[in-house]
Amino acid sequence: MWKLLSCGLISALIVLSSPDQLLAQTGDQTGGRVIDVDVPAPALRGNLLNSPSTLSAAIYLPPNYDQQPDRSFPVVYLLHGIFDDYGVWIENFEVPSILDRLIAEGEIPELIMVMPNAGNRYGGGYYRNSPVSGNWADAIADNLVGFVDEQFRTFADVESRAVVGHSMGGYGALNLAMTRPEIFSVVWALSPCCLAVNDDLSFGNDAWQRAAAVTGPDALQDLMDDGDFYPIAVLGIVTAFSPDVEAPPIYGDFPFDTVRGEIILDDAAFDRFLDEFPVRQVREARENLRNMRGLALGVGLGDQFLHIPTGTLEFSQRLGAERIPHRLDVYAGDHRQHVGERLENIVFPWVAERLSVPE
Amino acid sequence: MWKLLSCGLISALIVLSSPDQLLAQTGDQTGGRVIDVDVPAPALRGNLLNSPSTLSAAIYLPPNYDQQPDRSFPVVYLLHGIFDDYGVWIENFEVPSILDRLIAEGEIPELIMVMPNAGNRYGGGYYRNSPVSGNWADAIADNLVGFVDEQFRTFADVESRAVVGHSMGGYGALNLAMTRPEIFSVVWALSPCCLAVNDDLSFGNDAWQRAAAVTGPDALQDLMDDGDFYPIAVLGIVTAFSPDVEAPPIYGDFPFDTVRGEIILDDAAFDRFLDEFPVRQVREARENLRNMRGLALGVGLGDQFLHIPTGTLEFSQRLGAERIPHRLDVYAGDHRQHVGERLENIVFPWVAERLSVPE
Amino acid sequence: MWKLLSCGLISALIVLSSPDQLLAQTGDQTGGRVIDVDVPAPALRGNLLNSPSTLSAAIYLPPNYDQQPDRSFPVVYLLHGIFDDYGVWIENFEVPSILDRLIAEGEIPELIMVMPNAGNRYGGGYYRNSPVSGNWADAIADNLVGFVDEQFRTFADVESRAVVGHSMGGYGALNLAMTRPEIFSVVWALSPCCLAVNDDLSFGNDAWQRAAAVTGPDALQDLMDDGDFYPIAVLGIVTAFSPDVEAPPIYGDFPFDTVRGEIILDDAAFDRFLDEFPVRQVREARENLRNMRGLALGVGLGDQFLHIPTGTLEFSQRLGAERIPHRLDVYAGDHRQHVGERLENIVFPWVAERLSVPE
Amino acid sequence: MWKLLSCGLISALIVLSSPDQLLAQTGDQTGGRVIDVDVPAPALRGNLLNSPSTLSAAIYLPPNYDQQPDRSFPVVYLLHGIFDDYGVWIENFEVPSILDRLIAEGEIPELIMVMPNAGNRYGGGYYRNSPVSGNWADAIADNLVGFVDEQFRTFADVESRAVVGHSMGGYGALNLAMTRPEIFSVVWALSPCCLAVNDDLSFGNDAWQRAAAVTGPDALQDLMDDGDFYPIAVLGIVTAFSPDVEAPPIYGDFPFDTVRGEIILDDAAFDRFLDEFPVRQVREARENLRNMRGLALGVGLGDQFLHIPTGTLEFSQRLGAERIPHRLDVYAGDHRQHVGERLENIVFPWVAERLSVPE
């Protein structure tokens, strides 16, 4: 029932034409500035969804970046949600203004914030490596981080590098924490999606059967044209979490068959499928996660995506069972409420405090 | 996507015209016979779904019921699932033949089995008390049990009375165990539905929003005409578990609002709603459940109704946490597979063994 | 194996002779001052442990308390752990200096902090009501709060009143949140004990059997003289959580019998016992807890009292299951490490931010 | 507090002098007979506890074993608990008589039952492979099974071979199911110990610290002489589950240090330790467990070893989460009550029904 055009996802498309305009937007000579960059991303080459192998990103440079040409800065990567792009950070949540204020008030040190675009035709690649949707984790952790450390004056060290994300980006941040601890050491996941397969993400959601019923390109096009949120999001999940390069037109494996309208689960396929989701990956990643300088999750109890509160709570419990330090914030609010104010009042100060800023 | 006509529920309508015909059906003078009865059920009076206040039931009388006119018998009540009737037991699972065989082989004592009909326009009243769908728990535990004990030679004692059910009837059996321990002392729930609100029963299933969107009688009629399984089952659940006599046309409370296609949960309403489901009721009912002579649950891991395996496992865990003896059978199979063979090989012998049969 | 004298509990006995001396102690004319008071506590009258019905407390008054005689202040109550007293706050954790610094730096508003003594012969009454150990919850929430609001210039309103505790005091803070929401609206529990009965608090700990074996006053005296931590703490738990005025010499009910050195659990007694612990009380208290302005828990994974991390994690999960907003901090560290720095850097600022400070 | 001599473990030592005597014992020419055998067990060679590398076992041969010299039989292996030997089966639970009755009544087919001794100086090797206590799993699955298949007329096939155990033997049966599915296909664990580390098996049990405090052979001898059950059992657990051939005199690693009487956990060591226990091994062993022809667990809620009911319930839940068919029986009773009657009425018939008995 959620149409993409009215599905309540966060940003509208915005165009960032030039750094100068953006600087003008901030309307404050003492603030930082935002530039946009195109970053070669060989990790995405050969993906089957025709996503370009170039990453676009907006980069916030702090107020004294230009004035102090010998100074280096810690870096925070900020990952957006499904069907969004970095416009959500800049226009909707006004992250540049938030950073200007926090820096001006001394709440956080001057830092660089990197906001990549990571959408695709199904809403996004979940910042995961997949032969179908592309190696998005590598694109961020290798291509983008490499580019930023080369092109900008950063403390090019894991201890000075954080990743923060919302929804699909919250999942992405945790996935990077679990798999790339040599790159990121501080992580905050806001309302992270896809930690566990339940509620609206369970196969009890009709969208799974609708997506699985697609057998040819026409049916796929019909599904896309229909514009319903969940079936298309399911395609994104299957291509990112359960890819199969031998299975056109979707190139993904569904862990069930449908017989007379009913789901028939396949044990081995279901095993493989569930094993790709974070609540099942904490144990294997426990040393990586324990070594984080900071690991935090927050979620609103009224999240419209019902699996997000339950998945976040279950993930916290698994962290606890594996004796992994972390912070969990459970608050009244939905998927989008309070995100901006939490970034300003809680997330950015907490993250910045844990980043190493060498003298 | 499940149409009612093709939804795979179990029985077709059958007509039992007379006891004599049924006796003929069994084709065996040494077997029992089945009669059908109409039982006044004042507990159903005034329900808002226009269900009649009469219960139909098929009753199996064991081989020697007539020949030994001074002998009394223990009684098992057998509760069918949603959108079914007692035909499922007689035609599909051939319960009378099963009982004949088990009695002939000495696997169970001679006993009476009572198979009521408990459907309504939304598939059934879940054997619960509700001012909207009717007081089905009382109809079974008071009206039907009273009738049977009066009209037939039974051991009219809780220790000689069991209740067994499948799917909606499995829920019903457990609900009666929790609330009417003075009536039933042995309980087996096969693939019980509705123990917890998750997977296909969670609000992540689109059917909830479709049902909640009904605001007038025309929309209700359209939903019914559409014949999809889940939205109609949701109406049955809401009228049985969350009735509201002040809220036409559905007369039920949904624990959420829908705003722009998204679910907005209401804490207090959600509390009240969840509190009506068994995983939350075990603690309060623990003494009742502990006093059962037998309490068992079985479920197939491949159940098409995804909440049934997860709910059954969670219910077992809650029973364990409250130190309540029980048996749990988890097997490979779906919602309907193995039901007949399990009744014969496992359920009926196990239940019968625990029933008191005074000398 | 933990002797009381070497058991690692926090404070040594200290004597606070007079407010003037304490003021001198702070060594800073711009800081606050600490006075000690004796508060009549009728709620403790008639307890069977001979605890006096007077509460001693240290009270921190902020720097401008005296200079601004028309100004009122919010109040934080600070509850110590087992076998401790308010000396732990003043000498070990240097709370007055922490508050002076935080106020001077503008991190928190000026506020009053009240630190009661709540020990008894078994280490403490757990800030619970008990006919045996005394009505400690009432002594705090009614007698002490009443006294403070009467004798000092406070915002005598629930929205301006917080309770913070460590270990037994962490339990106490949560117990007051669950039962006295009209008195306290902001709560932080540091390493709270006794949320669930497991690990070192389970009956698997030999101390339970040793305590339960006491049948007369001599055996009780021997146990006390022995000075082992756990058996005496068990006496404190039994008298506070499972009191029985008819059962000398301990006046408490153990939910098991011991036969030939083995524990025989009693279902009904075990039910009653477990029902008194917080993980089982969240559901009933959910509305109280949801209405908190702030609810937080923190725990070190290396806590020597093994039930504290597991209990805290389980409590958080129950809060989540009941949709109760809260913050959980899980960190590397033991029962005592980091308490002082967490009070200064995290707890007091977080608590103060949520307190209402009317203009 | 449990002394070994009075610790309530099951059997006294018995001597089986000859098969003839035993046959006489059964007092029935139509019953089976029991012989005792010594089996070379190279898998135990080189163990550091000086256990001999020979297994003793009692073997029940069914009534027609001798009369029908061309007939083969399925085999059930029966594993005893800690500080016991096969006498517990023969004298205490009268297994030969049970089998005679079941076979005579046609409840089970004629089968061979093999009852090995598996004790050591610390009570037993838990039927696990360990360089310290010996490779007990291999001794059973390879040496003993090989001997039996060679010396007796068996169906030497996994489908005709079951393993049943009680307490330590229940753990052993599940361990063999998880690791040796090519040998055993039907498994029943009665009151299995050691599935999870909690309650009396948690480090909250003082016995851990007492065992860990042993630093030399004298202290070890003192601990042994003391005869307390738990500290010695801890030695058995550490040598079997956490062996360290470099760490005399115990040759085991404790996952904690003790500082001033308090436990200091070590994350990495604790990880390794917990990973050896079954609740953490279900996922990896899921395909093995799913392929069982029968998998069942039973436990009495009043078990004196408190971790056994909680561990059994948790293990069942993990099985369910991994979609592994199984049966769980939770009943009123303690560690020893009902074991004999359950073997006769439930366990042996259920196991036998699932064994393949080729024509």
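For clarity, chains are labelled A, B, C and D in written order, and residue numbers in each chain start from 1.
The rule we apply is simple: contacts are C-beta pairs under 8 Å (C-beta built on N, C-alpha and C of every residue); 3 or more make two chains touch, one makes a residue touch a chain.
Note that this is a predicted model, so its numbers are computed, not measured.
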Where chain A and chain C touch, do the two copies share over half of their residue numbers, giving same, or under half, giving different? same
Which chain has its C-alpha centre farthest away from the C-alpha centre of chain C? B
Between chain A and chain B, what is the gap in Å from one C-alpha centre to the other? 45
Can you compute the centre-to-centre distance for chain A and chain C, using the mean CA position of each chain? Integer Å is fine. 41
Whole-Å gap separating chain A and chain D, where each centre is the average of the chain's CA atoms: 49
Where chain B touches two or more other chains at once, the residues are 265, 267, 301, 323
For chain A, which residues count as touching chain B in their complex? 1-3, 6-8, 198-207, 209-210, 230, 260-265, 267, 301-302, 304, 306-307, 334
Residue set of chain D touching chain B in the complex reads 301, 309, 313, 316-317, 319-321, 323-332
Spell out the residues on chain D that touch chain A in their complex, using ranges where they run on. 265, 267-268, 270-271, 280, 283, 286-287, 290, 322-323
